[in-house]
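What follows is a short report on a single structure.
When the chains are written out, they are named A, B and C in that same order, and each has its own residue count from 1.
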Amino acid sequence: MKKREFKPLSVLYACLAYTFLYLPIIVVIVFSFNTSKRNITFEGFTFEWYAEMLENEQLMQSFYNTLIVAFVSTAISVFIGTLCAVGLHRFEFKLKQLISDSLYIPIVIPELVMGIGLLVFFSSINVETSIYTLIISHVTFSMPFVVITVRSRIAGFDKSIEEAARDLGANELSTFMRVTLPMIAPGVVSGGMLALTLSLDDVVVSYFTAGPDSTTLPLKILGMVKKGVSPDVNALSTLMIVGTIAVMVFSQLIQRKMEKKNG
Amino acid sequence: MRKKLSNKLVQTVMIGPTVLWLLAFLLAPLIIVVGISFLTKNAHGGVNMPITLEAYKSMANLDYLMIFARSMWLAAETTILCLVFGYPLAAIIARSSKNVKPILVLMVMLPFWINSMIRLYGWMTMLRTEGIINTILLGIGIIDEPLAMLYTDGAVVLGMVYELLPFAVLPLYTSIEKIDPSLLEAACDLGAARRRSFMRVTLPLTMPGIFAGSIQTFIPALGLFYVSDMLGGGSSMYLGNLIKNQFLSARNWPLGAALSLLLIVITIVLMRLYTRVGKLDDIV
Amino acid sequence: MKKYSDIKGDTPVKDNIVVRLTDVDKNYGDNRIVKKISLDVSEGEFLTLLGPSGCGKTTTLRMIAGFETVTAGTILLHGEDVKDKKPNERDVNTVFQNYALFPHMNVRDNISFGLVEKKTPKAEIKKRVSEMLKLVRLEGMERRMPSQLSGGQKQRVAIARALVNRPSVLLLDEPLGALDLKLRKQMQSELKHLQQRLGITFIYVTHDQEEALTMSDRIAVMNDGVIEQIGTPREVYDTPKTKFVADFIGESNIIEGYSQNSGDGLMDIIFESGKAVVNGKGIDIDEMLYICIRPENLRITREPVPGFSIKGRVKEHVFVGSSTKTIIELVNGQELKAARTPDAELFNIGERVNVSWLPERAVVLHTKEDKLYDVIENNSASEMFKSFMREDGGNA
């Protein structure tokens, strides 16, 4: 094959593409260390903005909100989503197909519509938007991903493995804890990671369902850009970028290890 | 009997929460949106009886039609650009060696994990009149005065492509990877030149990926209001912003609800078109 | 060690029945998978459920294990009705078709799974697991994961995992199906020895008749949800009771005909391509029946032999390793298979030969079908017979 002759071109293209993807991220990080208050030119290196970030109560509050919403909504999604996935795998019943199909609705409908739906829903039942409505909304869009990820993991294995556990004297609970759960663990972890990132990344749904005291960091940034952003936002963003990347890389490593072990 | 009963109970405990959740927080809101679109707006920004088709009638307004057309055009433009730039990248990743492939895939997904606001904010920093791109261009003397890049329609397209590129690359990558390389070799053996073998073998075989990629970029592109808010500065109105404004600033809920339903209808039509060609699971 | 060769199929030792199925039915909707099965399995017995796929044998096994409910009838384990007992409450263990090892546990944890469930003391677990490992010859493999084992090793772990619980009955669902031929043969004899040494009752499901014949004390041949015959391997092989059994176990030549008395306690069987002689015991005159003759009992001769001979033509020789199979075509086109020892004379293809057998070698199967007149009509067409011979002569 004549592959070799167009290889340098491929490498160049890939480099440009990845530069395009990473440039804005790098810019955010670089300017978090910039002495100039205006994000225009790099004038000198400083940690000043990181200190200032810690002082900025509103900013820190939005950061905590982001984390709380992400972790709580992920926990709920993983819990009820995993139960549902296992239940759909184990039982046969009339509405099964309907339920599995409707799990795709939150995934395919535009986020904007979901956000608006939840906004009018909460206001029609006279519930003030708050951190709770925010968590509920995040569970609504992330839980189907957990169900689908876990189901695709379960679909791969032999039903007789669970039967073997029952046969060897394990009751239903014990079978679930000792056999089913360890086997679907990689699926649960990746479903959870997906839920976590979806929550951390969400702007649209949060925009409609967050209360005045429960602004998340992305909403905060969106609100600030028009007025001009001070570099402490860069600093916090940098921390979030580093944190996200660390969690993701770590979870990929765990998953690969678990999958290897499970064969 | 006892066994059957406990089975039903376990089943309910396992599946019930999800079903209830979807009924309460997905189905009920959607029904309310449908309901609101047929009501009359009141002075306080809420809705009242009587039932009316006013909201739907007011959609047939030239301004709104312009916005609708502009949004469709932006989504189409974004989709095409994502496919055109994403395809070579997907192909390069699919053909790369075993060791680097997972890293390259991970690197496409990584930015997607980082909050879009942060990344768009990075673009704002670069595109500004006094931003680094202008500074560099001025510095090497290509331009004499700074280009106006931020708050233009071009910046919006750029932001959209940037946001949605991974959604196009990943399905493309999956479908290109599935192609047996021996098929291409066979095409070459049969005397097809590389360009022809691409047109006659690779492209048709990756149609499912192209289709999935288009759907996955086109649908979100219709609703991403914050990209035009940030990079377009709200200068031109799109469907997403229009809907958002009906609920938050203009306070015309029936119109907003009707427009939302329009968005859903477009989505459903596209999805049905897609499920004719591919499987629903490929999208996720 | 017990000998079961003295157990007759219809009269199992009644005193120590471990598993008893009485009129067991299993329906899936309108689909009757198992129809009124009754079966007794004695302590220490190796019983095989043999039949083609879809005959209900695996379903029967799964009902004993507790994975499937019984639609009608009862299953007794040690005389106790187990209808309301879940699989984990039954004193039986299963070896699954695809081993079903726990992929996230190493060999030791797989084997000790059942003991841990029963809260057996640690020292006891350790002792019994190492005993089991020794028994199945897997010492030193405790820490391996299932993915690191070969098919045969996985199989041994699956067996050890079940046996370590000292079940009163071990259920095996085509346990050797996934292994290659050589390994399968080896595992067959290992399993048989293991069963004899431990004296545990085995109920073994397979579709492989050879496997069933080699290993079992008794075989229950199943077809379409019913047990067609139950007996020792010799019994089901030598004296099949139904056409299905004769056909399914080993190779058989089955000829359809009707009976006519020929004196001396013998019966003539008239069929489309001629006449044969069988033992007349229990046969009525003018009864429609099948004769079943094993290929190894067919004699081929050039000249007619005293008694009876059926005319035929050598069609083909098939070399099958230990012997050669000769296919003989009869007048009506039916083919008979004859097994020939390596040193037996091979006839030429197309040669006219005489086929016969010793009357006591043929097994007569009674049938309810009434096709008597068809046979007579066809047989009376002796023109056909003549033309066959003429045509043949032309060729020679």
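Things worth noting here:
The rule we apply is simple: a contact is a pair of C-beta atoms (placed from the backbone, for glycine too) under 8 Å apart; a residue touches a chain by one contact, two chains touch by 3 or more.
Small disclaimer: the values here were computed from a predicted structure and weren't measured.
Distance from each chain's C-alpha mean to the overall C-alpha mean is smallest for A. Most remote from subunit A, judged by the distance between CA-atom centroids, is C. We define each chain's centre as the mean of its Cα atoms; on that basis subunit A and subunit B are separated by 17 Å.
Each chain gets one centre point, the mean of its Cα atoms, and the points for subunit B and subunit C are 62 Å apart. Note: centroid distance subunit A to subunit C, computed from Cα atoms, is 57 Å.
Of all residues in subunit A, none touches two or more other chains. Within subunit C, the positions touching two or more other chains are listed as 86. None of the residues of subunit B touches two or more other chains. Of all residues in subunit B, those touching subunit A in their complex are 7, 10-11, 13-15, 17-19, 21-22, 25-26, 28-30, 32-33, 36, 85, 88-89, 92-93, 95, 104, 106-108, 110-126, 128, 130-132, 135, 162, 165-166, 185, 188, 194, 219-220, 222-226, 229-230, 240, 243-244, 247-248, 253, 256-257, 260, 263-264, 267, 271, 280-281, 283-284. Those residues of subunit C that touch subunit A in the shared complex are 65-67, 86-88, 92-94, 96-98, 100-104, 113-114, 117-118, 145-147, 161-162, 165. Residue ranges of subunit A in contact with subunit B, taken from their complex: 1-3, 10, 13-14, 17-18, 20-28, 31, 38-41, 80-81, 83-84, 86-88, 90-91, 93, 99, 102-114, 116-121, 124, 136-137, 139-140, 143, 145, 147-148, 152, 172, 197, 200-201, 203-204, 207-208, 217-219, 221-222, 225, 229, 233, 237, 240-241, 244-245, 248-249, 252. Taken together, the subunit A residues at the contact with subunit C in this complex read 157-158, 160-161, 163-171, 174, 178-179, 182-183, 185, 261-263.
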